[in-house]
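In what follows, structures are represented as structure tokens.
Okay, so subunit A shows up in both of these, paired with subunit B first and subunit C after.
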Partner chain A sequence: MSTNDSEERSGLLHTILPPNQVDRLFDVCSAHAWKLLLVGVVVGALPPLVGLEQGYLMTVVTEMYLFAILALSWDIIGGQTGYPSFGNMAFFGIGAYTTAILVKDFAVGFPTAMVVAGLVAVVFAIIIGVVVLRLRGHYFAIATLGVLLAAQQVSRNLDITGGASGKILFDVPEGTVFYYLFFGVLVAEVALVYYLSNTRFGFVLNAIRDDEEKATAMGFNTTYYKVVAWMLSALFTGLAGGAFSLFNTFLNPQTAYNGAWNVELIAMALMGGSGTVAGPVIGAFGLHTIIELVESWFVGWQLVVLGSAIIVTVISFPDGVVGTLREYASGMAYYERGGMAATDSDDAEVAADE
Partner chain B sequence: MSESTDATALDTDSDRAVLRTDGVTKRFGGLTAVDDVDVEVHEGEIVGLIGPNGAGKSTLFNCITGTLHADEGRVYLQGQDVTDWPEYKIARAGLGRMFQETRVFGNMSVRKNLLLAAQEGGADVGKLLRRPDDSLLERTNELLEYVDLGGLADTQAGRLSFGQQKLIEFSMALMAEPELLLMDEPAGGINPSMLENLIDYIRTANEDEEATIFLIEHNMDFVMEIADRIYVLAHGERIAAGTPEEIQNDQRVLDAYLGRE
Partner chain C sequence: MAITQFIVNGLLIGALFAGIAVGFALIWGVVDIINLAHGEMVMLGGYVSFWLLNIATGNTNASPTVFLATIPVAIAVLFVVGYALQRTLVQRVIGTDIFLTLLVTFGISIAIQQLAIQAWTANPRSIQTSFADPSLTIAGLTVPKMKLLAFAGAIALTAALYVFLQNTRTGRAIRGVAQNPEAAELVGIDVEHTRAVTFGISSGIAGGIGAFVATILTIDPQMGLIYTLKSFVIVVFGGVGSIPGAMIGGLLLGSVEELTAGLVSSRWTLAVSFTLLIVLLVVKPNGLFGEEADQ
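Our next item is the complex of A and B:
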């Protein structure tokens, strides 16, 4: 990084976008987070009121909310707690089938069915979580992928789920209902995750991500916290799935337990900035927009774009949009805030280099 | 036996024992890492644990904290048998621990590291779901000022230098107000000027915060200066116990360190 070229470029960047300005922006955002959320609610609620018609565009925006829910839910366990789940779509499928079966076969009202969908996903999460959350890293990722594949196979084999041909749903509510439904769930989830991120419960999750053994040695029963995080993740994913089956009017094992979506929502969380509140939401909005554009302009290439986007993100911006910006803003903070305090004369050398 | 009369006198006084191990034995396959070890740490003491590399010091610590479970023998924390308790529960019961390799939560801010360490409210979910209150924030600031790292409260802990992380880990341990603090080589890898500070910090913690301390140390000057009593392990066995002066003049200890059987 010591070539003149890169120094000049970063110098230019520092002039156009001074780190301390970015830092101030972060301060303002965190100081007024609830107000920002309120603004977001108003902005998100307006479009249908001021003339967004049902149709393609509304569907796309609704899907953006859906993916934001899924990405943020993944991030609770994957980003905040450090357990990269490749099986979150299992909760989605379970939620989706729950509403589909309840509404179609048992004539249960949609709102009730959706609540049940969320709860069924949570119960499933507890049972699975107690087993798979004992694993870490790659092993956890593979085990959760196994759960997703197994769940998909079960729905293919059962009669009640309609087997491989799936279920078609009639008499579904209109598009505006789903627009507000997904939006409402997203807002509730953002508010909850933001609130938790400032409590010691949220700190424990981050501690598990950074060093689980140390967290245990400090007196935290990490299994308990991991299961709770996993349940929260399942709750919102299950709710989203519960609404999705009727939104989509059709459900089969392939759409309900969609492995590609699972990769997509992880990519969204990573691109936006995992372990942050806004990151996964920004990532979902951004990546879904890109995917939609590619889908309409270069049909059939969306997975190629998705794959490339993931590779570029992981290599160049492993912290995502929000994480990279935060890093940029606080790059010098260590030195500015007394990093070379007299307590540690080792740092004198670093100081001389700067 | 070279065990001093002084140590025996203290041994009888087990009412005040914050920590007592009774014949703790830990085997790994055919190797006996810790062999029938008795130690006692009394309230307000600073007790050292020394011994050559591979003597079983860290394994004994792991048996006390519950990271490992002893094959034989019992561990008592304030008179309570905690031998079979899970690690987190032993920690909750008032056992703090600092690791040999210095462990802080690198991606969290220094302040969050300390807030997390506070045991206030314990595992009570209601407390955990509230924002940290002012008294907790105040104590965090006080401790950070005390170790001269006040300015770094909002910096990611992983960015700090090794020595600073060591101080953060120490502050985290104090935040928890433990009955007993186990320190695994606190003086390892820090420079001499900071070592002086560390001795002060540990003394102050011991005197003002009433923390009882049990520490493993290789730096002999450090441990002789700070410890009230010292236990010596070699090949998993406790070969000596006594005051620093007694240990320094103990033939078995000298033999163990020089490699003579």
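Our next item is the complex of A and C:
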């Protein structure tokens, strides 16, 4: 019955959006990925240059870049390597506190502080990673969540972090600086992740995700690859956090280790399509737009919307936008190769099973 | 003497943690998911009891008998909530990537949290019972009567669950599904129904204990995640699928927390619990009482 439904629906869909067109789109995108990225850079660099005023809209766009960085960083370890981290916001918080403390208490310049923030996050990732990357599945997910909450509690109790009341930062750079900062980090990360996804390194990460034991059996030092992926994830998340504390001008344990963001960034990667390069970015732009709209129209309901969105995505489209489209496109290639016959034999097989 | 007092306090609280963790372990063992919304069941149970008292008596100062009468209601309501959640949502992701099951329950958790904030505001609330004040003094140790009642209630619920699992037909079906779902189906057990019942029972017990939590601590819409994580610490310590292990784990965690609060500072209790979680996961991922798993 459900097969009929989906056939009818896809029949309509096929007329509006032929799968071979989608397939061609994917081909074009992968053939001209670097050019597309360049176009993206030019388009993204334009708004402040053409004199768009700083204001609500620019802040929202800046936040979109921030979330895209976070979602893509999560995807390096969660989507590409198959280690579902529930504690990536720990790196973000550590980066954020590093710049906040360096800039405010030690009068270090913001650019230096931001670089240090990224490095501190990486060092933290190595220490934690050696321990938690030995775990798999449920255990890894919960251990990382524990890391996040422990880090939050420690920041709440220390004096240098300003305790529960946090830190207020003055003399921050203007909004355009942050716009370009987040945008620059995002572009660098997209370029790096895309480059890596076509190298031996990227393939090994995917092999670990698909079957870690086989990857080990093939002679790869999986621990090394996992730790490096974890460090990359921490580096970009830490850089984003480092810029965030001054962007936000205020930092306390709640904002630095934001539990809701922790879920949002995973949801973004998942909705866009985890394990792909474009997916987390698309997911971040899309979901952040929705969250902003909900926040301005139905204040206080955004977590209900987020929770429902996650549930629907996980149950109906676990492959996300990019993954679902790719499957749709490859579906057509399947039909072109005489897929109906295959479908028939499929039915026969089911009948035989029964 | 102070240390003995801290340990007694810890054991009294720890029984509640243990009771919550037993349900968490049961869902983990039988349905094979980590239910990140388990703490929300504790929260909802507390609110059910709170509002029942509020509606019935007009205030939240109740005699212990009246309060105890609300507990079966809390258990029943949460049983229905748990059963429905499993049947409508969780069932659809069983057998897929574990990461997806975690996300679904996390989605449920945050949605319930904010719905609760919308319905009842984020203010912490608690139930006062009339004999709350006088405490018993046994051999120089102070034991508040309400904490003793909560302790007894939590132990009774856990023991009841243990007896239920060992001796009833449904209990045996649940254990059968935990051991091998396919074989259970072959001998005529309705696996989906049994899983939903398991989810319901676990949520019901969490809800009943939530009512006790409301009397000796406070309840608020965002309390859930902490209880979920504590359950995780306890289950990891005691081993998945071991009720005695979860019991001992809960009592120990309670003692460790009270000792930290008493000897260091109450600000550090959560940090200590979460660090303990990470250390335990790394050192003893199968728990002290768990069977050797191939995880």
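As a convention for this text, the second predicted complex is superposed on the first by the 325 of 354 C-alpha atoms of A that agree within 3 Å, B and C clash if a C-alpha of one lies under 4 Å from a C-alpha of the other, contacts with A are read in each partner's own complex, and residues count from 1 in each chain.
Assume a residue touches a chain if its C-beta (ideal position, glycine included) is under 8 Å from a C-beta of that chain, and two chains touch if they have at least 3 such contacts.
Only a predicted model underlies this, so the values are computations on that prediction, with no experimental measurement involved.
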Next on the checklist: Tell me the contact category for A:V154 with respect to subunit B and subunit C: first, second, both or neither.
Outcome noted: second
Checklist entry - With the two structures laid over each other on chain A, which partner does A:G259 touch: subunit B (first), subunit C (second), both, or neither? => result second
Next on the checklist: With both complexes overlaid on chain A, does A:N206 touch subunit B (first), subunit C (second), both or neither?
Outcome noted: first
Checklist entry - Does subunit B (first) or subunit C (second) touch A:G307, or do both, or does neither? => result second
Item to check | Contact set on subunit A toward subunit B in their complex | outcome: 196, 198-201, 203-204, 206-207, 209-211, 213-222, 224, 275, 330, 333-334, 337-339, 341-347
Checklist entry - Along subunit A, where are the residues that touch subunit C in the complex? => result 78, 84, 86, 131-132, 134-139, 141-143, 145-147, 149-150, 153-154, 156-157, 259-260, 263, 266-267, 270, 300-304, 306-311, 314-315, 318
Checklist outcome for this item: Note: in the complex, subunit B contacts subunit A through residues 65, 67, 86-89, 91-92, 97, 99, 103-108, 112, 115-119, 122-123, 125, 127-132, 147-152, 154-156, 159-164, 167, 172, 176, 191, 193-194, 197
Checklist outcome for this item: Per the touch rule, the subunit C residues reaching subunit A in their complex are 34, 89, 92-93, 96-100, 102-104, 106-115, 117-118, 225, 229, 232, 236, 265, 267-268, 270-271, 274-275, 277-278, 281-282, 285, 295
